[in-house]
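The data blocks that follow each hold one structure.
Both complexes shown next keep chain A, but they swap its partner, so chain B is in the first and chain C is in the second.
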Partner chain A sequence: MEERRYRSASGAPIALRRRQHSASCRELAVRCPRLQLHSLSASTSAAWLAAYGLFVLTENSMVLSAAIFITLIGLIIYLHFVKIDQESLLVIGSLGIQVTSSYASGKESTTFIEMNQVKDVVINEAIHMQKVIYYLCILLQDPGDPQGVSEVVPLFQSSKPRLDCLIEVYKSCQEILEQRKTAPQSS
Partner chain B sequence: MVLKVFFPSCCSSAESGILIGRWIPEQNSAVILAVVHFPFIPVQVKHYLSEVQRVTKVSVSVLGSWSNSKQEKEESLSEFLEDLGTIFSHEPWIQISKEGDSKFWSCSTLQKHSNNPKMEEVILVYYDQRKVMLSHLHPPLDAATSTDHRAEDASKLSAIFDTVAKSKTLFMTDRYDDGPIKLTHWQSDGVEASILVELMKQASVPACMLLTFLLSLVSGVCRSRVLKFWPLSFLWSKLSTCEQLGHRLRHLQVISSNKKAQTQTQLMRKANIFVSLLIDVALGVLLMSWLYRKNRIGHLADTLIPVADHVAEELQDLLQWLMGAPAGLKMNRALDQVLGRFFLYHIHLWISYIHLMSPFIEMILWYVGLSACLGLTVALCILSDIIALLTFHIYCFYVYGARLYCLKIYGLSSLWRLFRGKKWNVLRQRVDSCSYDLDQLFIGTLLFTILLFLLPTTALYYLVFTLLRLLVVIVQGLIHLLVDLIDSLPLYSIILRLCRSYRLAAGVKFRVLEQQDGKPLRLLMQINPLSYGSVVRTYRLPTYSCYPKDSWTSLCKKLFLGELIYPWKHKGEKQD
Partner chain C sequence: ENSPAPLPERAIYGFALFLGSWFGFMLYLIWAYIPETWLFSLGLTYWPQKYWAVALPAYLLVAVGTGYILLFGINMMSTAPLNSTDTITDNYAKKQQWKKFQEEAIPALRDIPISEVNRMFFLPEK
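On to the complex of A and B.
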C-alpha cells in the first residue's frame, strides 16, 4: 500500500492511496481535502450575526432559535449529502469495477459495473467554466453496437485530481483491463 | 481465466463433505448452494440431484469437495477427496479446505482434460444466501427497455441471483429430516415459517371469494341500464367522485382475484394497492371521526349557506363596479348596463335556488360525509365536487363571457379582412382577395367600427370572469393533485425499502476482506439497495387522470381568442 500527495484542479491538496490485493484486484482511493475549521466557523458566525441583527430589528426571540435550528439542520444536510470525504475505485479483473463515494457523515454510496459492460477506461478533457480540466471516465459498452459507447461514467468528480494523479490511476486500471484481453476467451 | 467461487457464508462452519451447486461455464464461476456431509452413497446423491434439477430447472451438480479439519491436514482425507473427483466427474473439480479456525482457506482445482497445467487464480466470494434468495434484482431502466440482446448480455449477476432464488426446494430439507442426504445450507437448522403468515394465507382464500362476489354484485348494479340514461350518465362523467370510486373498485377487483401473482411486479403491485387502500380507508375513518365529533358537520352545514351568500354578494359588488367606471376606464354605457343586469339577474336566480335548498343542506351533508369512510381520496373528491357545484354560476358567467368575446373576435377579424378587401377562402383554407360591392363595404365598415368600440367592454367582462374561473380551476387542480398523490404512491415498496432493504436490489457491492499471500482473494458480496427515487419510479401505481397536454403558448392563444379551456381531462374521455 502506498500513499502519495497530489493537487486537485483547484489547488487543494489531495492524497492517492493504492493497494494491490491480488494479481487481478486493485483499490485506488483519492482522499479529498477535509472540511476546514475556519470556513465552518466563518459561515456559522455569519448566519448567527444575521439572526442577531434580525432579532434586534424585530424583538422576537424565535428568530434566534430558528437560526440555531437552521444552522444545525444545514450542517447535518451538508455533511450527509454534499461533503465527500473519499472517492475510491476497486478494480477486480473478471468481475467488474466498483466506484464508492464516502461522505463526511460516514454514508457510502456504491456503484458496481460488471466487466462485460466496461468498454474502456480513458482520460477525457472538459471545459469547465474558464478552465480546461482532465477527468477519468469509464466507457460503457452499447449492447447493440460493439463499437459504440452507450454511457460515460465520470470518476472522481468531487476531488477533481490533476493529470499526474489521473495518469497513475489510468495506468493501474489498464494493467488489469489488459488481462481480460490476454485471457483465453471461453465460448 | 480466473475462477470465481461464490460460497454461502452460512456453510463456513460446516463439517467436511462435498459441494453442490451450479457451474456457469460462460463466466467461469461456480455458485455453491449447499454442502452434503459424509456418509453418503454416491448413487443416492446423483438421484437426489436429478430430482432437484427436474423440479427447479436449475442444473445443480456436484462441484467439488469441502474439508473442514480441526487438526492438521490429513493426507488420507485429501486422497479420499481427490478420489471423489473421479466418482462425480465434474470439470473442474474444486477443492476447498479450511484448517482449524483460520480465516484463510486454500482452494485448488483439478483439471483432468486441460492441456495447460497452469494454476489459475481463484477468487472466493462470500454471499448471504438468505438475502440473495429473497432479493429481486432491478436492472437499470434503460437496459430494461431494450430487449433484443437480453439473452446473451443478461447481467452476469442476475444469473447468480436466479440460481439461488430458484433453488428453494433444495433449502426445504433440514438436518432433522430422516433422508439419506444430510445437507448444510441457510435453513438447515430448521425451516423458517411464521404462524401468522400461514393463518392469513388460509383465511385469505374465502375472504377473496366473498369480496369477489360482493364486487361482482356492485359492478353489476353500476353497469345496469337504469343508470345509463342520458342525464344521469352525463352527471356521472362530470363528477370526479364517481371516477375515483370506479378507480378504487378496479383496485379491489385486482386484489380479490384468485390468481396468484406470477411475477415480482404483479406481486408488488397487488401489495401496493392493498396498503394504499388500507391507509386511505384509515385516514378517511379518522377524518370522519373528527368531523362527526362535536357535531362539526352541523357547523359546516350552517356556515355553507352564509358562505355562498357572501360569494354572491361579492360578485354583485364586482358587477356594480364593472357597470360604473372600473379602474378609471370608460365603458360603453348601454352595453355595460345590459351585460351587468343580465349577470345580476343570474346571481339573483342562483341565490334563490340556494335558499330553496337550505333546509335540506344539513341532512345531505351529513349523509354525504358518511361516505368519507370509503377513503380520504373519496372525501377529497367530494370536496372538489362541492366546490364545483357551489361555483357553478362562475362557470356559467365564464362561458357566457367567453362565447360573447369569441363571437366578437371572429366578427372583428372577418370584417377587418373585408376592410382590406380580402376574404377567407374556406375551400383553400387561406386568405384571398375579393372585390366587394359598395353597399357591402359600407355596412361592413359600419359594423366593424361598432364592434371595435364595443370591444373594451366585452373584453373586460371576459377578463374578469376568466380570472375567477382560473382561480376555481387552480383550487380544484390542487385537490386533484393530492388525490393523485395518495392514489399513486407505492407505500408498500417504500416501507419494504426502509425495513428490508435487501429485498429490492439495484446491484451488488464487494468488500475486500483480509488477504494472505498464496491464498485466494477473499471478497464479501453485499446487496446494494435501490434508491428511494427509483423505488417510487419503478412501482408507481397508474392513475386515471392525465395532465393538460396544452403547452403554455397554446393556452394563451386559446385565452386570447376566447375559446373555452378544459384544463383537466380524464383518460377515456373523448377529446374535443
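On to the complex of A and C.
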C-alpha cells in the first residue's frame, strides 16, 4: 500500500493511494483536498455581508434570517451532493470494476461494471470548458460488434488528476486487464 | 464543374445586385429624411412609420452583438460531453476499410483505435 501526491487539473493537491489485495485485485483511490476553512469563512462572510447590505436597504429583518437559513441549507446540500472527498477504483480481474465516490457528508455512491462488459480502460483527451484535459475512462463493449464501443464511462470526474497520476492508474489497470487475455475463459 | 473563376453570368448577377443595393439605399434615405407632408403631396401615402427608420438599424446592431455571444454559446453546447463515444470514434472511422500492408510502400492512412494508441504512449516497451 502506498500513497503519492499529485496535482489535479486545476492545481489542487490530490493523493493517490494504491493497494494490491491479490495478484488480480487492485484498489486505487484518489483523495481530493478537504473543504478549506478559509474558503468556507470567506464565502459565508460574503453572503452575510450582502444580506446585511440588503437589510440596510430594505429595513426588513427577514432578509437576515433568510440569509442564515440559506447559508446553512446551502452548506448541507454542498457537502452532501457536490463535495467529493474520495474517488476509488476497485479492479477485480475475473469479476469486474467497481467505482466508488464518497462525499464529504459521508455518502457513498458505487457503480459496478462486470468484466465481460469492459472492453478497455484508456486515457482519453477531450475538450472540457475551453481546455483540453486527459481523463481516464472505461470503454464498454458493444454486444453486437466486437470492435465497437457502446458507452464511455469517465472516471475521477471531480478530482481530475493530471497525466502523471493517470498514467500510474492506467498501468495498474492494464496489468490486471492483460491477465484476462492470457487466462483461459472459464465460462 | 464548380470553380470560383469569373463567368459572364456572375458578372451580370454582381452588377444587378450592385444596382439593386444602391437603389434600396437611396429609397431608405428618401423615406427616412424627406418630411411626410412632401411625400403626401407627391401622392405616396402608404409608407411604414418613420419610427422604423431608426428602430431597424438599432435592432440589427443589437442582433450582431448578441450573435457573437450566441455563437460562443452554440460552440460550447455542441462540444461532445466527456461520456459520449464521439470523443473516441465516429461513423467514418467505424466504416473504414483496412488496406493490406505492402512492402516498401507508405502505409495507408487509417484511424488507429484508442486502446492501441494508449498502449504505445503509456506502456513502456520491454
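In the analysis below, the second predicted complex is superposed on the first by the 184 of 187 C-alpha atoms of A that agree within 3 Å, B and C clash if a C-alpha of one lies under 4 Å from a C-alpha of the other, contacts with A are read in each partner's own complex, and residues count from 1 in each chain.
What we mean here is this: a residue touches a chain if its C-beta (ideal position, glycine included) is under 8 Å from a C-beta of that chain, and two chains touch if they have at least 3 such contacts.
A quick note: this is a predicted structure, and the numbers were derived from the prediction, not measured.
A.B. asks: So, on chain A, is it clash or fit between chain B and chain C?
C.D. replies: Result for chain B and chain C: fit.
A.B. asks: Could you say whether A:I123 touches chain B, chain C, both of them, or neither, answering first, second, both or neither?
C.D. replies: second
A.B. asks: On the A-aligned overlay, A:V132 touches which partner chain: chain B = first, chain C = second, or both, or neither?
C.D. replies: Once the two structures are laid over each other on A, A:V132 reaches no partner at all.
A.B. asks: Touch check for A:K171: first (chain B), second (chain C), both, or neither?
C.D. replies: In the superposition, A:K171 contacts chain C only.
A.B. asks: By the touch definition at the top of the document, which applies to A:I70: first (chain B), second (chain C), both, or neither?
C.D. replies: Neither partner.
A.B. asks: When the shared chain A is used to line up the two structures, what angle, as a multiple of 10 degrees, is there at the CA centre of chain A toward chain B and chain C?
C.D. replies: About 80 degrees, rounded to the nearest 10.
A.B. asks: Which holds for A:A46: it touches chain B only (first), chain C only (second), both, or neither?
C.D. replies: The answer is neither, since A:A46 touches no partner chain.
A.B. asks: Quick check on the superposed pair: does A:P143 touch chain B, chain C, both, or neither? Answer first, second, both or neither.
C.D. replies: First partner only.
A.B. asks: Between chain B and chain C, report the minimum C-alpha distance in the superposition, expressed in whole angstrom.
C.D. replies: Here the least C-alpha separation of chain B and chain C stands at 12 Å.
A.B. asks: What residues on chain A touch chain B, complex-wise?
C.D. replies: Going by the criterion above, the answer is residues 21-25, 27, 90, 92-95, 98, 100, 110-112, 114, 116, 143-144, 183-184, 186-187.
A.B. asks: For chain A, which residues are in contact with chain C within the complex?
C.D. replies: Of all residues in chain A, those touching chain C are 119-120, 122-129, 135, 137, 139, 147-154, 157, 167, 170-171, 174.
A.B. asks: Considering the complex alone, what residue numbers of chain B touch chain A?
C.D. replies: 1-2, 4, 25-26, 28, 121, 123, 125, 143, 146, 148-149, 153, 155-157, 507-510, 512, 515, 521, 523, 528
A.B. asks: Can you tell me which positions in chain C touch chain A when the two form their complex?
C.D. replies: Residues 76, 79-80, 82-85, 87-89, 94, 113-115, 118-119, 122-123 of chain C touch chain A in their complex.
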